[in-house]
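Paired with chain B in one complex and with chain C in the other, chain A is shared by the two complexes that follow.
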Partner chain A sequence: MSAERRTLLEVEGLEVEFRTPRGRVQAVRGLDLCVGAGEILAIVGESGSGKSVAQLAIMDLLPDSASVRARRMHWQGQELSSLSRAQRRALCGRELAMVFQDPLSALHPQLTIGRQLSEVLEVHERLTRVQVRARCIAALAEVGIPSPEERLRAYPHELSGGMRQRVMIAMALIASPRLLFADEPTTALDVTVQAQILELFRELCARRGLAIVLVTHSLGVVARVADRVQVMYAGQALERGSAEEVLAAPAHPYTRALLRSVPDARIEGDAHSEPAAGAPARLATIPGQPPDLAQPIRGCAFAPRCERASELCRREAPRFAPNPRAACHHPEGSA
Partner chain B sequence: MNEGLSVRQLVKSFATRHGQRVRAVDGVSFELPPGGALALVGESGCGKSTTARCVARLEEADSGSIRLDGTEWRAKHGRALLPLRRKLQMVFQDPYSSLDPRMRVLDLVEEPLRIHGIGTARERRLRALEWIEAVGLSAEQALRLPHEFSGGQRQRIGIARALILEPEYLLLDEPVSALDVSIAAQIVNLLADLRQRFHLGYLFISHDLGVVRTLCESVAVMYLGRIVESGPTAQVFRTPRHPYTRALLSAIPPVDPVRARAQERTVLRGDPPSPLAPPGGCAFHPRCALFAQQGDAACRTQPPPLVPLSSERHLACPPGMAQG
Partner chain C sequence: MSTRSLWRWPRPSQTDEAELLARAARAQGTSLFAMARRRIWRDIPARIALLGLSVLALLALLAPLLPLASPISLDLARGASAPVAPWSADWRGLWNEQYTGEHWQYGRVDQALHELRIELFGKRQLAPLLGTDSKGRDLLARTVFGSRTSLSAALLAALTSLLIGVGWGAVAGFVGGRLDNLMMRFVDLLYSLPFVFLVIFLVTIVAEYRSELEAGLGLDRESVFFIVLGCFYWLTMARIVRAQVLSLRTREFVTAARSLGASDTRILLTHIVPNTLPVVLVYLCLTVPSVMLFEAFLSFLGLGVEPPRVSWGLLAAEGAEALTPLSLDVWLILVPSLCIALTLLAMNVIGDSIRDALDPRMVNKE
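Let's turn to the complex of A and B:
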């Protein structure tokens, strides 16, 4: 179904390099990314996989120590790198928006919610005070905040974590962007509150045709809301496909290993073994550590930890061809 | 005679700046036999960490009893607590902030022995090396500083430090929550192995019910300072009886898109209430599906006691008791 959706963002061959005292660190190493209206694309990966950096690079929010290159970075057909910095900032603020993991550090502690919301509108639109107030109230109501008029006067510390995250989402959406980058938006929240926020994301996609790029390390979150998923490791995508395909039948050994290392709380039927003092239950693990991105990587970045790795993997970096699902020389199901 | 750890009617309150008292732990009781593993689960602010800190005597509870091997520890102070510390050690969530950045791993792991005046310098060193290897680090890594290690390796150092006194119990406060999935799995396996090898008892604080199910045979679910349901993990997770336990379990998305979306979900309305102004009666009633359906007046007026449901399970929900 994603093929029929109008493509909003199309990125090809994104590379991000940081200059550090230890030398050059290649945080993103050739990433392709594509999102359509009304769609949730999840980017999954562990710390250091480059999933957050890729987002920041597209939003042009990286510090000067980063150099960003891409073969193509199209927003609705327009090449972003051809815009001036001011044009790009204006576009990104209006049409692309962002929500971060920790709402407490992203909100100004000394300004009321109403003040912070209206600031966004003042930057992007010319409205009267009455119009601004009405838009702020509508924005808070849309993300499910009860009695929004009163909340306009509240300070961030007076709200719970879940409410603060809703305020952040309201703030991101108030200028009616087409795409929302959400970086671990539920990681700091309790599970019952996480469920509410994920529900809200699905509603927003359906109601507004909003596209969401959701960066997460939680495969459960992917399973619940994502249409498509891209699995990242060491700055590259290793697997991509619909959430159903990738989670039910992972093609890349890394995705498979990741899925196996998540313990499931649910118990269905009676056949499950119960943890007992006698025989410890064991989780599948991935041996070793991710590679050092300050060192050049030869062949497949996952090869040193991969149970299927061969001589070819250590010599030659795999591509998404012939298998469009996994950048792997020996995907699951092959010999 | 080893009778294990017994905590009875533990109460801990804190004073706020405005002179109010907040009851973070409100009458918590549990037993942990030698070699057993009990998980305290619940959302932030439910009092699970405060309970563990009181039991480890990093905080002093207002009232109640903490008995270990026949001795009462709740009201002891200073050096009188040293014997308790040898039996019971704590492992923290954040391996970044719980290790002194200027100390070498070997010195960090050895330090508890020095504090307790155990062994000669040479003996201490050898024992530290043994434990460093027991948690999966190498002797050559022992001479490095904490910043040279990844999160998972630092957690291994924290565990070695806790185990060098050869305690009977470990209190583990979210030990894998800050780690990546694949690394968390390594630490969970290490904890399972160590428990079996040294017959350790675990009091495991976590919000990750998957990890809890893997490591602990018993579980107690906390909400706003009280245990609302407890029993064998497999039973509680398979047939949760408290409406809050049900909501908590159904809020975790399974890693299977078909199930994750088809799954009947009790999305809880509202946020966890503030411990500053706890709702009267059962603290959960404003968010409770059962209360919304049945509207039992007692839920609003009386905090329900935790009563036996079977020989192994306990439940603090009279309407839930009545349900099948």
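Let's turn to the complex of A and C:
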């Protein structure tokens, strides 16, 4: 982890609350986030752990039923919550951009690719029509789409899934933002395309100094591209650190449990012969359910499912204070 | 403009800007509407319908200019006469010099057109090709003049549906919350008024205070009819559009557009409203016929257009009266009914074709 990277986004104590008929649901509870230029930060966690909500909150894309608070939400030193709605919207696309999970539903079905790409430039920059088209062609070429001139006239349904995701990325990048939020960008794609897209992300970071916040629940994706990882659970960060550290030596019991529950695809012996020793190992899972976010949480959110939990965990919420890697009273490696 | 750099930050490496611009200049885009236009034109029934409607609209617009007989001059001695059959036609007799120049009070444009007609054709006029009614009035002229009322009622309903209805529904659905509630309750309020009763009521009032109203506000029965039509025919459209917008505004491509910095107005105008278009067009194609039928119905009841003015509905009503055991002047009801039916058919064909043409999924399926 290189500390000399220029910090772009700095969020401290982010809290997001939804007003629902069941009461207030606290989706994000005091999240800290920090990304520097040219860096890929992966946010990992189960469904409903608040990964996507945190991203949407920073982009100011949540519905009105959500209330967002943060001690600090700095974009290049500027406090985001002090900006007006229009000012924040102007940052979207130009400074911060987002790639969504399902490119088919995130692209407008009735507009051509060219029309949708050029709309971003219409909003943010004043260019002639030919200039706009040139930028569109360059953007499509940059994400590796062959014969971009022809693709400009295509509609989203005429492209394959991988192509659509590339178009989404081109759309997000066309106005040259500095930070890209990617919300499970490869979940809807098959593995080979996924590898291509991740490779593209790495390349963009290296070439443009683009910062990427990658939300995913796939640890394989994290291992492949991320510089740093932040593990989220019930709206909080439980562990953070460089990707190698976290994956090789997880400090938080939750991260360890997550890593254990990744299916192992190694083939042992001949596929046609009988399994060598006993029944094949069952996939390890984490017992129990994530906590109900509509209820207040006392102590550590993971304590009810944690094998190392003690009385202290149920009473008092752990902090990153003594251990900078994990918010845990009994991190791995300690007694 | 050329001084402005193509790139803001950062310039991609190994990209030749001049070459890129040249490539961009070569690639041409096609808009959905240009494509839709081409596809509608390629659809033969739609093309026929479109041409037919254009001719009809032109005839209606230029009616006072055409060398038709006067639609109101009576010829009681002649009475009802059948349409001229092509095989028995006395071709020289079809063009006579008996134009009386009688007409109801024209507006300024119509007056000018009528004067031009007299300049051009003098007293010459077409003989009653489609026959005459029991009072000897030329049915062809009456049908052409009658199309003006029917078409303007249809046009008015279509415009209010499109402008007020779509706008109202889109804003209510997009903004949501209290404003949505308020706007839609207003629609409910107007919906709850019994429409036919209201028209009858207003028409009676207008009939009672005719002179005062005409002097004070310039309101006659026809304009009351049109005002009521305009007040009511956007309601269903507003509801339909609102429902569409409600389901569209939570779609992911709207969030995506927002994440790229599009303003609310832009999202509403370029991402949401065009997506409601197929439904809007289909509903419009149902509204227009129903308005024309409604106008016909009111005129049939004697509540719509006032004689001596004519409309297709009024003609059909008169035609129905003409069907008695003593006389079987079927053409009097056939001609206006056929006109209504054919116009409605054309509308439906066009609506269908537009809907297909605007669906990008149909692009490569021809």
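What we mean here is this: the second predicted complex is superposed on the first by the 320 of 335 C-alpha atoms of A that agree within 3 Å, B and C clash if a C-alpha of one lies under 4 Å from a C-alpha of the other, contacts with A are read in each partner's own complex, and residues count from 1 in each chain.
Keep this in mind: a contact is a pair of C-beta atoms (placed from the backbone, for glycine too) under 8 Å apart; a residue touches a chain by one contact, two chains touch by 3 or more.
Small disclaimer: the values here were computed from a predicted structure and weren't measured.
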Quiz item: Once chain A from each complex is brought into register, does chain C clash with chain B or fit beside it?
Solution: fit
Quiz prompt | From chain A, separation angle of chain B and chain C (C-alpha centres, steps of 10 degrees) | solution = 80
Practice problem: For A:249, decide between first (touching chain B), second (touching chain C), both and neither. | Solution: neither
Quiz item: Who does A:155 touch here: chain B (first), chain C (second), both, or neither?
Solution: second
Practice problem: Could you say whether A:294 touches chain B, chain C, both of them, or neither, answering first, second, both or neither? | Solution: neither
Quiz prompt | Touched partner set for A:61, first chain B, second chain C, both or neither | solution = second
Practice problem: Could you look at A:86 and tell me whether it touches chain B, chain C, both or neither (first, second, both, neither)? | Solution: second
Self-check item: Partner chain in contact with A:108 - chain B first, chain C second, else both or neither
Solution: second
Self-check item: Per-pair minimum CA distance [chain C against chain B, superposed on A] in Å
Solution: 7
Quiz item: Can you list the residues of chain A that touch chain B in one structure and chain C in the other?
Solution: none
Exercise. Give every residue of chain A touching chain C within the complex, in rising order.
Key: 59, 61, 64, 86, 89-94, 97-98, 100, 102, 105-112, 114-115, 119-120, 123-128, 130-131, 133-138, 142, 149-150, 152-153, 155, 157-158, 168, 171-172, 175-176, 181, 207-209
Quiz item: Taking the complex as given, what residues does chain A use to touch chain B?
Solution: 46-47, 160-163, 190-196, 198-199, 217-224, 226, 243-244, 247-248, 257-259, 261-268, 272, 274-286, 289
Quiz item: chain A touches which residues of chain B in the complex?
Solution: 35-37, 43-44, 150, 180-186, 188-189, 192-193, 195-196, 207-217, 232-234, 237-238, 247-261, 265, 267-268, 271-272, 274
Exercise. Would you mind writing out the residues of chain C in touch with chain A in their complex?
Key: 1, 4, 6-10, 12-13, 15, 17, 20-21, 23-27, 29-32, 177, 251-253, 255-263, 266, 270-271, 274-275, 358-361, 363-364
